[in-house]
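Here the chain labels run A, B, C, D and E in written order, and each chain numbers its own residues starting at 1.
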Amino acid sequence: MHRKGLSLIVLLVVTLLAVTPVLAAHTAPGTSTQPQQEEGVVVIAPGESIQIGLAASLSGDVIPEAGQDIRNAAQLAVDQFNEEMGGIEGFPVELLVEDDQCIPEQAGNVANLFVTEPRLVAVVGHMCSGATAVAAEIYEEARIPMVSASATNGQLTAAGFTVFNRTVSNDDVQGLVVGRYIAAVLEAETLAVLHDNSDYGRGLAETVAAIAAEEGVNVLEPQAIDPAEQDYRAVLTVIAGEAPDVLYFGGYQNEAALIVDQMREVGMEDTIFFSADGVLIQQFLDLAGDAAEGSHLSLPAAEVDEEVNETFDAAYEEAFGLAPDELGPFHAQSADAAAVIIQALMEVATLDDAGNLVIDREELITAIRATEGYEGVSGTITCNEIGECSAARVQVFIVEDGEFVQLEVPEELQMVGDSME
Amino acid sequence: MNALDVQSITKVFGGLVAVSEASMAIPDRAIASLIGPNGAGKTTFFNCVSGFYKPERGKIIAYGRNIQGLRTDQIMALGIARTYQNIHLFSGMTVLENILAGMHSRRAMGPLGALARHRSNRDEARNVLANAYHWLEYVGLAGQGDQFATNLSYGSQRRLEIARALASEPRILLLDEPTAGMNPQEKQTMIDFIRRLRDELGLTIFLIEHDMGLVMNVSDQITVLDYGRVIAEGTPTEVKNNPRVIEAYLGSQAEQEPHAAEIPDDLPQDEQPQKETV
Amino acid sequence: MLTLGGAAQKAAERADFARWRQTSANLLKQLKLDYPLAELRHWTVLLLPLFLFLLFWSSVSQPVSGGIFDTLGTESGAELHLVDLNSTFNLTSSSLVNARSLQLILAFSMVIAGIFAVQGTRQNFSRYPYVLRVGLIYLFILIWLGVAAWRVTLSDEQFIAPSIDFLGWESQEWSIVALICIALGMFFYGLLSNRNPRNFEFSLVLIMVSGLVMLAPLNMDQYQTNVSTLVAVWIMFGLGMNIVVGYAGLLDLGYVAFLAIGAYTYAFLSPINTQAKLNRTELNDLGWAIYIGLVVVPLVVFGASLAWHRLGRGNTSNRPAATSALKRLAPLWKNQPPLLVTLALIGVAVGATFLVRAVLEASGQLEVWQFSPFLVSLFVAMFAAAFAGFVLGVPVLRLRGDYLAIVTLGFGEIISLSLRNLSNITGGPSGAVRLPQPVADDTPALTASLAVLYLNVVFILLIILLANRLRNSRIGLAWLAMRSDEDIAQSMGINLVNAKLLAFSIGAGFAGVAGMLLAANQPGGIFPESFTLQQSINVLALVIIGGMGSIPGVIIGAIVLVGLPEILRPVQEYRIMAFGLLLVVTMVVRPSGLLPTPPPALEAEAQNLYQSRREE
Amino acid sequence: MSAVGTLLVLAFAERVDYVTQTNPATFITWAQLFSIGLVLGGVYALIALGYTLVYGILFMINFAHGEVMMLGAYCGYFAMQFVIMDGQHSFEDGAALISTIILPLIVGVVFLAPRRAAATNQPNESLQRSTIRNFVIMPGRFLIGLLIGYSILVALSNGAPHMYLIVVTTLGVLFVVVCGMLFSMLVAFLLERTAYRPLRKAPRLVPLISAIGASIFLQQVALRIFGPGRKAYEQPQLLDTPPNFFINLGTLGVLPVNKVGVFIVILSILLMIMLYIIVQRTKIGTAMRAVAEDKDTAALMGINVDRVIVFTFLLGAALAGAAGVMLGLRGDDLNARFGFTPGLKAFTAAVLGGIGNIPGAMFGGFFLGIVESLGPQMLGLNNDWKNAIAFSLLVIVIIFRPTGILGELTGAKKV
Amino acid sequence: MSLLELRNVHTFYGKIHALKGISLRVEEGEVVTLIGSNGAGKSTTLKTISGITPAAEGNIILGKQEITQLKPDQIVGLGVIQSPEGRRIFGRLTVRENLEMGAFTRDDKAGIAQDLEYVFGLFPRLKERENQHGGTLSGGEQQMLAMGRALMAKPRILLLDEPSMGLAPLLVKSIFEIIKYLNEERHTTILLVEQNANVALQVAQRGYVLQSGHIIIADDAEVLAADPSIREAYLGGH
């Protein structure tokens, strides 16, 4: 009897509890102090900060150093802005950093995380093109503008996203000019093409190969290397057998440094190594040493203001204890991406009667697209109608005595007009 | 018709002849025993019959059908079940599940049936479960069906192994040392049980045993194996009095003992295959 | 670090738990507290998910705004009292755990507690009066239905819009249909469960927990939904792996290949996206070909032979009971009508398929639907992956243990490399981008992700049902026996070839479904980065962490493996490190997994069946 | 099955024939590719030995082995930096300084050795007395050794500067290699203690997951401690100069040979010989083999099984550490992911040769290295497919020889 | 004081209670035999003494030292040497290496060399096959090797597990001859587990009969050999 009674009592309690979720929700008055949020508008109460998201690979398998570089640079830009200008209308800007490991699913998580942040107005990133493609769909829906510093895939801007912009150049533009340069200026007869099978490297290399072939250069079939490995001697030996005049490589500095080193070992001293902005950083020179001499590197940018650059480098070194070039190539673009967002924010942010900062999401998206003539670290930034913000001009550098020396690119090769679409 | 007819099989491991030209026949519904000194090739012989080893030469015929060269699962499906000298139960499965696994070849349910659980499949599952309980009870393990098989006591594990073999509805049951590790009372129970199996279920039983008392008691027919060769075959009394058997199996007492250092050169080859380290 | 493992081991050795337990049990007995305490513990286990649900439902990780809370507040006319975790726990954004993760932890704990609750139910509760039993079960059913119906009436926007919109129905209509279905299902479930008082407590808890799980996502924000969906996909993936490794004991280190096959099948069958580099028109034709090859033709062939068989034309000899699955299918192949008839039938079926396509194209329907309706992709993905599993299974039949592992690893790597290198088919490193979600185009993001989550939950339930049936069937027992000892299993009449191939193809089929849902959940596209060796290792770890062969273990494993890194997000760059460390610690502390399930207790049922049969 | 195998071999031969006909690479290219594969194979073989040793004794795949190698390589890097710092930014000067300590030490120790062995061979002499005698004599002998070693160095530096450079560089590099080896051993020791030993009796897959966790953890720790940036070894002058040296093959052409490559192949073969001697000739090696065969019986012989297992781990780790340093010397850049791919490849190589089998691992390593470097060219495929070729080969080999190329075929079933 | 004493030893294999309170003792210089049917717990007793399957309860005392909790290698270090059932020689090691493994715990090279010669003297066939792999030996040679390996350890007490298993009668004779010799000439204490009770009781001074994990009879060997019930059960009934 005793047992049964107790069980029954417990059972009744259960029943009562089962009803509570509905009841509980309707009891006490709310205590929320947050301002009322309206559709499409971000309202920030005094004392709160404006949030900008940043997503990059910080710990993943894919080049976490480049991600940390991007993070550092954007952080620096935001800190500098807060320090110099005291924020936007007194509202400080805060950088919200998340790690997406360059894995698309993780990028989806991060994007959804950012979307649910009520004070987050824009995103710097993502870092890898695949992750960016996944995230862009989500931001597009949530009307959060993004400025990527490193997602170079041509499809991203071509897909017609309204929120996606980038301060890094489209592979297609760079590939076009470089392809012509190799044919016209270097007068290469045979071109070997190598890439790291990444979105960036493969796209770039294949564009260069296609353009150069159009210009009448004998282009060998593009070959891939595996960036997880570090011994490319075998494929280089095979390429050396064809004695190409130029070896074009689409990829990043680490692999490039290994390649130039190993080219000497397999007897390709006379072949010109040509690569792109992914390699154009100090770390390439540090890792490759003498072997880098004579390498050609392209950079899609207008004239770079050396002074701005040096100031930035110094500030970066002071803040993080290492030169920006030691980690990855996209720091300048990243700082600019953050700056472009802040610039646009300053235009659209207004104070309402209650002293709240109000930012209209659509206005911000338009404002970022409308960026024009911003003098950034990576050059003058002007966004076009599909979100390409980096200059559509390409510079070419050569490594001489351990330094990058700019070469002249004939104006007729630039032909920017037909590069888009 | 003979239940089992083994015609001069030979099994060689490397250079060692484990079973050599061994022949024997077991009549239907008989209890036959295979005896011989430790490592005389008895288990190898069993392994040949149950398909674990493919004998190099010879024929094995069960109920008129040549089973030589078939896989173990095919042989089992034809009605030859066995137990093992070192108990081999399925760990990680309950006692009842072990018995159910033994019924595998008597069930028809396929993967689609398992997924759809059509009526015929459900009926089969019920039948099988009821049958499994029957065998559980038959060997006296009722009440322990939901335990892990490996948690049973030694004797219970032996009985479970037999139940698993019985669940496959065999016509011939091979028992490899079924009374190992039992005391005389338990052995007696086992003898009775074996007789029951023959009488109630009509099985032909073929067993390997060390305990001469048990063997003499229970068998209709005894085969003696020594160094892979059949040295005697017949009724218990015949075998008991066979001088070759006495010499080989029981060891002759009268023989002159040679000094250790003078072991003759023509050492008989040992039949035991090398233990594989995998 | 050095003595961490050793210390844990020593502590476990020294702690004589059995003795402590004995002493404390005796003490409780003396105090006459043993029964009430046991009862309390029992009910705490059963009710814990409910408490967690309450906490979860009444908590919010962010300022109340927009989304569900908005409507919740305005509709009910009173402002909501929600537990703002940020202020309750005094969390700032810089602290280690932020409220969103805390809420996610709550949600996941609820699921885990639900598993424990379902497992913790006792049988034999006939001592409760009938009225109480019926009353309680229907009370729960009514509460959940009420809450769900209330959600439906709130707003069309906020409720899920189920996937297939080619019937032209609005989401509200679908919702109502779904609701009616759920109501009917629950009603009949209640009816059935009351028939057998022994299962009363189980039914009650099951209804409670399923209600909690189904309602919980409504309180989630977009991020939490997304994470939950990913966990759900990995549960499905893990359930497939659980069959291969957990049941059949075949160590597969290239399992992600099947996930990739499922995902890319969805991409192949998806509507044309002209902006993508790869030519989807061609791929859609490939999709049609796959559909015809994998679905239409086999159906016709089997259907024809079945009909032929039934008509009594074929060979009707008794088939032996004890043969392989393949052999039992063989009569179906053998009993084909004459070849020409078969071919003609195939021709008619294919023609009909094309006719349907033409009609759709002409009526403009294809523009929207484009052949790739979700369900067709689902079947094609499942069959394609299962077929791949079969093909992989054939050559590796002879292999055991680590050699099997390394060969499957090789296969996985080859598939993964092909995804990268065959850029004109798969899109290469640029991926197959902009895939359609199985929801109407204008569905709001949160609603869409909720819909996908519910879809995933439904598929998980389905797959759990199937996996559970397999586990307890003849083939499941064969797998377990094979895992225990291949040779002995074979000598017990189990055809190893069949058992292995079945394990490979069924497991792969589940993984194919998971991959397909992964792609469907990710409108941005799928990329080779998602299908690397790391994922294969993760899914293996998932199964081992949960406990080999344990379905609840898979759920916990997926939560640990996919959810944990997300929950650890607040520790930023150290999260993967913490994850690695936790993996080691988990294994050292609980080598048999977090939740190894005991095999089912069958004896009582067996005894009943046996006795009732004897009585007949 | 064998028919399929023959068919595959024929198809392969046909393809190779076709490719060489249509795209005739010179003999030198082939030779060069072969030598590249040889170097790669040497490194793979060293790492594979670690896998195989542990597998042979514990039947467990040590997934964290690649990370052990990576940490060894990092330690080698810092040792190299230390040498360079010592020599005021010059490896050669630093190496010279280090050599003045190491070489005399080595010579001194060598001088000690014979005496100690002799002491135990004199059964009449009591242990105590011999110890005292040794205690008195040892420092003297040691000093003499030191002096001889030092004078060798001085003589070399004055008389044969080139020889001096070679000796000094070799010693410097050896110092770096040994540092890497020692650190790897330390890591492996800790790993065995914390992640594996508690799981000795657990089901087979459990230590595998633990190893995977350890691998993730070590990788992330390296990422945190050493930072995400890559680090490149400073190469000694002697090994660095790119014109390498050339072998004139007469009419066939001139084969350029990479000095680092030669160094790697020689050192790896030396290490393998050392391993062979340890395993085959020493007491602990015999004990290792005994434990691998039968742990219980080995314990009955008085062998401390745990200690032997730790020793095995250390041995494997030492080889991995050496391999890591060699990769660094070859010009690879260090980062936290550095160990993963070579680890995976080496594991593949170990299985290819027959896991648990020491000659198998060596053979598998070289075989895989050579196949990787020759494969794409032979089959006329793009380099994109290099790893696919390697893995396909693995799959095919394992399917036709289910226990690897040199692995023993499992015989009769155990019942 | 006995050399080795077991007091109420219980051992479990998993959940199987294999030894249910074994008490026995072996005096210095004795040959004691354990007889019993398959699975009675004979081998388990030896494994428990050697520490391979540690006792769950009870004490094992060697001389004055308690060795119940020691690890196998420590027990071997104290001179308790077991030659396991089924020989268990190392098949991939040469005969010489096998013998060297027997002397693993010893450090005196000279002594080892001496004992090696002694074993080779005892078993000249092993000398002939010194560099062959253990796995290639015949059964009889393997048994010789197993015994030689045990002797190499200079046992204080030698535990022999079924030395006659799978051997021809002639070989069994010679093996027992050696056992006798070891005991009488070399004064080695031996604990002998044997199924062939007939022979075992001939060499032993005392015997224990094991049945299902219990010792049911303990007496002098002659008494046991004469006991009709024992004869019935274990001596083949003739």
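Methods note: contacts are C-beta pairs under 8 Å (C-beta built on N, C-alpha and C of every residue); 3 or more make two chains touch, one makes a residue touch a chain.
It should be emphasised that the depicted structure is a prediction, and the values quoted were computed from it without experimental measurement.
Note on connectivity: the fewest chain-to-chain touch steps from chain B to chain C number 1.
The busiest chain interface, judged by C-beta pairs in contact, is A-C. Here the chain at the heart of the structure, going by C-alpha means, is C.
Taking the mean of C-alpha positions as each chain's centre, the chain lying farthest from the centre of chain D is B. Rounded to whole angstrom, the centroid-to-centroid distance between chain C and chain D, based on C-alpha atoms, equals 44 Å.
Remark: chain C and chain E have CA centroids separated by 57 Å (rounded to whole angstrom). Rounded to whole angstrom, the centroid-to-centroid distance between chain A and chain E, based on C-alpha atoms, equals 74 Å. The distance from the centre of chain B to the centre of chain D, with each centre set as the mean of the Cα atoms, comes to 51 Å. Of all residues in chain D, those that touch two or more other chains are 220, 293-294, 382, 384, 387, 413-415. The set of chain E residues that touch two or more partner chains comprises 91-92. In chain A, the residues that reach two or more other chains under the touch definition are 59, 61, 197, 224. Put simply, chain E touches chain B in their complex at residues 14-18, 37-40, 86, 91-92, 121-125, 135, 138-142, 162, 164-175, 177-178, 181, 195-196, 198-199, 211-212, 232-233, 236-238.
Put simply, chain C touches chain D in their complex at residues 1-6, 8-9, 245, 251, 395-396, 398-403, 405-407, 409-411, 413-414, 417-418, 420-421, 487-488, 491, 533, 537, 540-541, 544-545, 548, 573-574, 576-577, 579-584, 586-588, 591-592.
Chain D contributes residues 120-121, 123, 283, 286-287, 289-290, 293-294, 296-305 to its touches with chain E in the complex. Chain contact summary for the complex, chain A toward chain D: residues 59, 61, 64-65, 67-68, 197, 221-226, 228-231, 233-235, 237-238, 240-241, 254, 257-258, 261-262, 264-267, 269, 283, 286-287, 291, 322, 326-327. Residue ranges on chain C touching chain B, taken from their complex, read 321-322, 325, 328, 466, 469-470, 473-478, 480-481, 483-485, 487-496, 502, 506, 549, 599-603, 605-607, 609-610, 613.
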